[in-house]
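Here's the structure we're looking at; comments come further down.
Chain naming follows the written order as A, B, C, D and E, and within any one chain the residues start at number 1.
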C-alpha cells in the first residue's frame, strides 16, 4: 500500500521531513499553497497596479475625485460578506467527502485471501479459477475508475486498452461489447462481479469449494466490493451541489475585486484621521495586508477546490493508476504464488 | 449506475467540464445560483427602486425627513441578526441529511446476485422464482418512492400504472387492493418483501435452494432492503423541524427588507462624514454591495432549500424515475440473462 | 410507516404543500415558530411598554436622568454574550441527539419476517408461537416507551392497560408483578425478549424451526431489538447535561431583559449623534428590531427546547402511540395472515 | 436500566419535571450551573471589590492616575481572545467524547440471552457454567471500571473486595495474583473473558452446546464485550490532549482577571463620552454585566470540565456502582431464574 | 492495555491528579502548553524588544516618524485574518483524524481468543500453530508501524531486528527478502496475514479445527486486522492536505510578525485619544496582551501540530513500542499459557 509511485522519491523524502519537521515545509512547491495561488495572486496584483497607475498618471482632477469616491465606497462596504465563515463550513463539508471517498475505494486483498483459502486445487483449472476471480475484481474497480478519474480514462480510453493491460481477455471484451450494444445506458461495472459469482458457484459444484459457508463468504465479499465501487460512482455523480460551490467562489472573487479597488492609496482616504498621512504612504507601494488576506482566503478556497475532485490530476489527488497495478499484482501473488503456502512451522524464541 | 438520463447529455458534458475546470462553471444555468436567485433578486431590486423613486419624486420636504429617519434607522440597526452564523449551521444540518438520504436509497443489485447464485434450476419455474423475487424488490422501492417523490407519484398515480410498467401483475394488484381496503392506514411497502420471503421459503422446500444458509442470507438482504426503504420514508415524515426552517427563512427575508430600506441613498445619510458626499452618489444608481450581499445570503439559503427535499423536482434532485427503470433492467439481467453464466476460463497474459 | 394518524389529515395536506412550496409555510400555526414564541414575545413587549410608560408618565426629571443612565448602560453593554454562537453549537448538539433517537426506535418488521419464514407449522401451536413472539417484541417496545414518553404513560398507566390493549395476558401480568415485587429496581423491559428467546428454543426442540442457524438469526434480531430499546432508555436517562441547557437559557433570557431596557427610547440616547433625533422617534412607538431579534433568537432556542425531548407532547414530537398500534397490527399480518403466502407465480410482461 | 439509585428519588422526580417543564429548572441545585460556578464567582467578585476599595480608599492622587491607566488599558485590550469561539469548539469535542464513552459501556444482557438459549442442561453443572460465564463477564467490566473510575476504585480497592462482592472466587483470585506477579504490567481485564471462552469450549465438548454455530456466536459476543471494555480503557488513557484543555482554561481565567480590572469604575473612564457620567455610576456598585459574562463563559467551561471525565464523582457522572450491581443481578436472572422458561402459550385477544 | 510504560510512573500519578483535580494541572511541564510554546514565545519577545530598542536608541527623528507610520499601519490592519475561525475548523479536523487513528490500531486479542478456542490439540504441533498465527499477526502490525512511526523505525531499522525481537524467524526473513527483491514496490505487511491464513487452512485439513465455520471466523478476523493495518498506512500516506496546514501556519506566523510590530509603543500612537498617554506607558515595558494572545493562538496551533502525526515522538503521541511488546506477550498468554484452561467451576455466593 506504499502509495507513491517511484518517480516521486524526492518528494517522498521531502514530505517525510515535512511530517516530522515543520521548519522545512514552507519551502515545498509541489502541492503547496504557492503553486495553487500564484496565478490568481498575479492577476490580483496586476489589477491593483493598473488601477494604481491609472489613478496617478492618467486621470485629471475631476476623475480623481470620482475615483476616490469609488475607492472609499469599496473600502467602506467591502467586508459585508463573512468570507471566513462560509469558507470554514464549505471546506469542512468538502474535506469530509474527500476522506470518505478515499476510504470508499475497495481493496481486493480480502477477497484474494478468501479465494486462496477456500478454492482448493493445485491443477490448472483451480489456478485459472482463482486468478480469474481476482482479475474480475480488479477489472470492476478499473472500470469504475475510468468513469470518475481523467487520469485512468487517459490510460484506458477503450476496452482494447483493458485487454492490453491484461485485465480483460478478448472473449470477455466481445461479451461486454455485445451487451453495451443491447443495453447502452446503465454502466456495466457490476458485470465482472456477476461473472466472478458464477465461477464461485461452479467451483462449488465441482467440489473445489468444500462447504456452502465459504460460498456465501466469498459472494458477500464480492457484493461488498461492488457496493463500494458503486458508491464511488455515486460520489462522482452526486457531487457537492453546484450552487454551494458557486456561492463560495463568487463570494471570494468579488471580495478581492472589491479589495483591489478599496485598498488603493488615494489622496482623500476616508477612514484615516486627517493628520497622519504617513500611514498611507506605506500602502502606496505594495498592498501588504491585502496580499496577505488574498493569500489566506484564496489558499483556503484552493484547499476546497483541490479536494472536491480527489480522482483528478492535482498534486494532492489519489494515485489511482498506481493503485490499479498494485491491486492486480498483489492479488495474483496471494491467490497463486502463495496459495496454501506458509513458512515451515518452527519454535519461536520464547518457546517455554 | 450512470445517473443521468439521456436527454441531459449536453449538461453532462458541461458538468464534466465543470468538475475539471473551474473557469467554465460560472456560465452554467441549470442548477446554478442564478436560476435559483434571479426571481428573489428581481423583487428585491424592484422594492429598492420603488422606494428610491418615491423618495425622490413623490415626497414633499417633510415626508423626506421622515423617510430619511427610517432609512437611517434601518441602516443603523439592520445587522442585529448574524445571518452567516445561522445559515452556516442550518446548511450543514440540511446537507448532512441530503447525503444520508442518497446513501439510504437501497440498490437491488446484491439481492439479485445472491438470488442468481443460490436459486438453482434453468426450468421455467426456476426462472419465474428468480425474476419474481427481484421484481418484488423493485416494486417495494417504487412504492416507497411514490410516497416521497412527486415525480414518481406523477408517473405512478394508481396501482394500475404499476401494472402497466410491469412492476405488478393483475392478481397481485387485487391482493393489494383487498388489503388496502381491510387495513387502510399503514403503508404496504413491506408487503412485496414478505412475498419475496415466502417464495424463498418455497424454493428451499422444493430443493431449488440447497442449504439453510443461503435462505438466511437472502432473507437478510431482503430485510436490509426493507429497512432502508423504511428509513427513506422516515426521512420524509420526520423532516427538519418546521421551526428551524422558519427561523432561518424569516431571518433572511427580514434582513433584506431592512436592507432595501437601509441602503437607500438619502440626503442626510447618517454614517457618512459630512464632507465626502461623493460616496453616496455611487449608491444612488445601483446598490452594488447590497445586491452582492443578497446574492450571497439568498444563494446560501437556496442551497438549503434545494437540498431539503432531494426527491423533489429541482434540478439538483435525484433522478428517481431513471433509477426505477435501471433497477428493474439490471436485476433481470443478473438473475435471468446471465444466471450461472460466465466467460470461458482462459489463461491470462501474466500466466507463469 | 405512514407516520401520521388520521385526525391530522389537514395538517398532512398542508405539510405536504410546505415541503413542496415554500410560499405557503409562513402561514402554518401548528408546530410553527409563532406558536412557540408568542407567549414569551408578549411578556417581552409588556415589559418594554411598562418601562416605556413609566418613564414617560410617572418619573420626575431626576428619576428620568437615572433611568436614562440605566438605559444607556444596558444599550452599551448588552451584547457582551455571543448568543448566536452558543445557540449554534447547542442546537447542533440537540438536533443530532433528536435524529439519533428517532433512528434508534426499533421496528419489529424484520423479526416478524424471520419468524414467519423460519417457524413452520400451520397448526394452532405454530400460529400461537409466531404470534406470541411478535407480541412480546411489541410489548418490550411499549414498556420502554411508557418509561420515556408521557403520552404513552398516560395511555398505559398500569400493567392492566397493557392487558386491555392485548399486549399482555393475565398470566404474564402475574409473573411480571411477582418479579417486580422481588426485584423492584431494575427495569424489566428485557423480560419479554427473554421469554421470546425461550419460545424460539422450544420451537427448535419441537422441530418447528429446522436448523440451528435460524435459531441464531432470530435470537440475534431479538437481541438487537432489546439493545435499541435499551439505548432509547439511555437517551432518556443520560440527557444533555443540565448545565449546558441552563447556560444557554439564562444567556438568552438575560439578553432580552437587558434588551427590553436598552432599546427604550429616551431623551438623551447615547450612541445617536446629537443632531438627528428623528431616528429615535421611530423607536418610540414600537421596538421593531428588538422584536425581530427576539423572534429570531428565541425561535432558535425553542427549536432546541422542542427537540430535546422528542417523546414528549409537543407538536413536532414523534407519534409514539400511533406507532405502538401500527407495530402490533403489521407484525400480526406478517407472521399470521400472510405466513408462507405469496401470489401465484406468473410470467411478467418482459418474459423473453 | 433505570439508571438512578434509590437515594436519588427526590432528584429523579425533580429531573422528570425539568424535562417536561422548563419553568422549574432554574431552581435545581444539584448538577446545576450555580453549584459549579459559585466558588469561582465569589473569587472574581472578591478580586473586583478589593481592587475597587483599594482605588477609592487607599490610593493617593498619583497612584489613582496610574491605576486608571491600567484599568483603561485592560478595558481596551481585554477582548483580544475570542472566548466564545474556542469554547464552542472545545465543548463540542468534549461532549462527543462524553456520549461516545457512555455508549461504549458494554451491557452483559445479550451475552446472557445467548448463554441461556444455547447452553442446555438443568443439572448443577449446567447452571454452574451459565452462572460462571456471566459472572466472568461482569467481572471483566468491573475490573475495567476500577481502573477508570475513582468511585468504583473506592468500592473495590483490592481483589479481596471483588471476592466479598461475589464477583470473584478465592481460587480465581489466586490465579489472578499469581499472574500479576509474573506479568505485572499489562492489565488483566481480558482474563475473565478468556476463561469464559474456555468454559464455552468445554460445554461444547460435553455436548451442552449442540452446534458449532452457537459456540461461535457466544465467543463473538464475548469478544465484542472485551473490545468495548478495552475501548473504555483507551478513552481513559488517551484523553483530550492536555494542551487543548490548558489553552482553553488559561484563556478563560486570564480573560476574567483582565475583566476584573478593566470593568472597574474610575474617574477617567476612557471609552465613555465626557458628558454622560451617569453611566459609570451604575457600574460603581456592582459589575452586573461582567458578572453575567462570567456566569456565561465560566458555566460553559464547567460544562466541559464536568464532562471530560464522565466516570468521576461529579453530579452528572455515570452511576457506575449502581450499574455493576444491576448487571450481575439481571444476568443471573436471565441465565438461571428464567432459563428456558416462558409463560404458557395462550391465544391473544386478536386471535381470529 | 495499561498504556504507560514503567519509566513514566511519576507522570502517571500526576496525570491522574490532573484528571481528577484541575487545580494542579497548570504546573505540569510534560506535554503542556508551556513546553510547546516557549521557544516561539522567546523568538516573539526577542523580535519585539529588538524593534523596541532600535526605535528608542538608534533611530533619528525622521526614521522615528517612518517607524511610527509602520507601527500604526500594522496596528490598524493587523487583524484582517480571523485566526480563531480558521484554527477552530482546522483543529477540529486534525483532532478527529487523531482519534480515528487511535481507534484504527488493531488489537490481536480477539484473534488470539478465537485461535485458542478453535484450534485444538495440546501437542507441540498444535501449540506451534497457535503461537505462529498470533506471532504473524503481531508481525503484521509491527511492519506497518515501522512504516509510519519514527520511534518504531528506530527500534526495527532492518528485518534482522525483527528476528532479534522474536517476531520473525530466519527462514521467514529469507522469504521476505526474496520477495522484496522480486517485487520491490508494494509494501508486504499483508504477507504474514496470508501465511496465517494458510496455517488455518492446514489446521482444518489436519482436523485440528473441527468445522468450516471456525475457519471462516478466524479468516474474517485476520482480514479485519489486515484491513485496519492498511487503514493506518492510508492515514499516513493520505494526510491532511499540505495546503491546509500551510494556510493555517502562515496565517498564525504572519499575524504575530505583524503583532510584534503593531504593538510597539511609539510616541504618536494612532488609536489612542490624544490626552491619555498613561495607557501606552504600560505597554512600554512588556506587551502583556500581545503575549497572552500569542500564548493562546500559538498554543491552539501547537495542539494541531502535536496531533497531526500521532505516531511521532511528541509527548502526547501513542506509545507504540510499548504496544508491540504488550501485544506479543498477551497473545502468547491467551493462545498458549491458558489454552482451554479455566478455574474450577464452583458455586458462587448467590447460589440459591
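Convention: a contact is a pair of C-beta atoms (placed from the backbone, for glycine too) under 8 Å apart; a residue touches a chain by one contact, two chains touch by 3 or more.
Predicted model, so just to flag it, every value in this text is computed and none were measured.
K.L.:
Suppose you list every residue number at the chain B-chain C interface; are over half of them used by both chains (same) or under half (different)?
P.N.:
Here the answer is different, because the shared fraction of interface numbers falls below one half.
K.L.:
How big is the gap, in whole Å, between where the Cα atoms of chain D centre and where those of chain E centre?
P.N.:
The computed centroid separation for chain D versus chain E comes out at 25 Å.
K.L.:
Once you find the CA centre of chain C and the CA centre of chain E, what distance in Å lies between them?
P.N.:
40
K.L.:
Where in chain B do residues touch at least two different other chains?
P.N.:
85, 88, 92, 213 - these are the residues of chain B that touch more than one other chain.
K.L.:
How is the touch graph of the chains shaped: line, ring, star, complete or other?
P.N.:
Topology of touching chains reads as a ring, each chain with two neighbours.
K.L.:
Could you read off the chains around the ring in order, chain A leading and chain E following?
P.N.:
The chains follow each other as A, E, D, C, B, starting at chain A and passing chain E next.
K.L.:
For the complex, which residues does chain B have touching chain C?
P.N.:
That would be residues 65-66, 68-70, 72-73, 76-78, 80-82, 85-86, 88-89, 92-93, 125, 128-129, 131-132, 135, 147, 150, 166, 169, 171-172, 175, 183, 185-187, 189-191, 193-202, 212-213, 215-216, 219-220, 222-223, 226-227, 230-231, 233-234, 237-239, 241-247, 249-251, 254, 258, 268, 270, 305, 308-309, 312, 332 of chain B.
K.L.:
In their complex, what parts of chain E are in touch with chain D?
P.N.:
1-4, 6, 15, 18-20, 22, 25-26, 28, 31-33, 36, 84-85, 88, 91-92, 95, 99, 102-103, 107, 109-110, 113-114, 116-117, 210-211, 213-214, 217, 273, 276, 278-279, 281-283, 289, 292-293, 295-296, 299-300, 302-303, 306-307, 316, 318, 326, 329-330, 333-334, 338, 340-351
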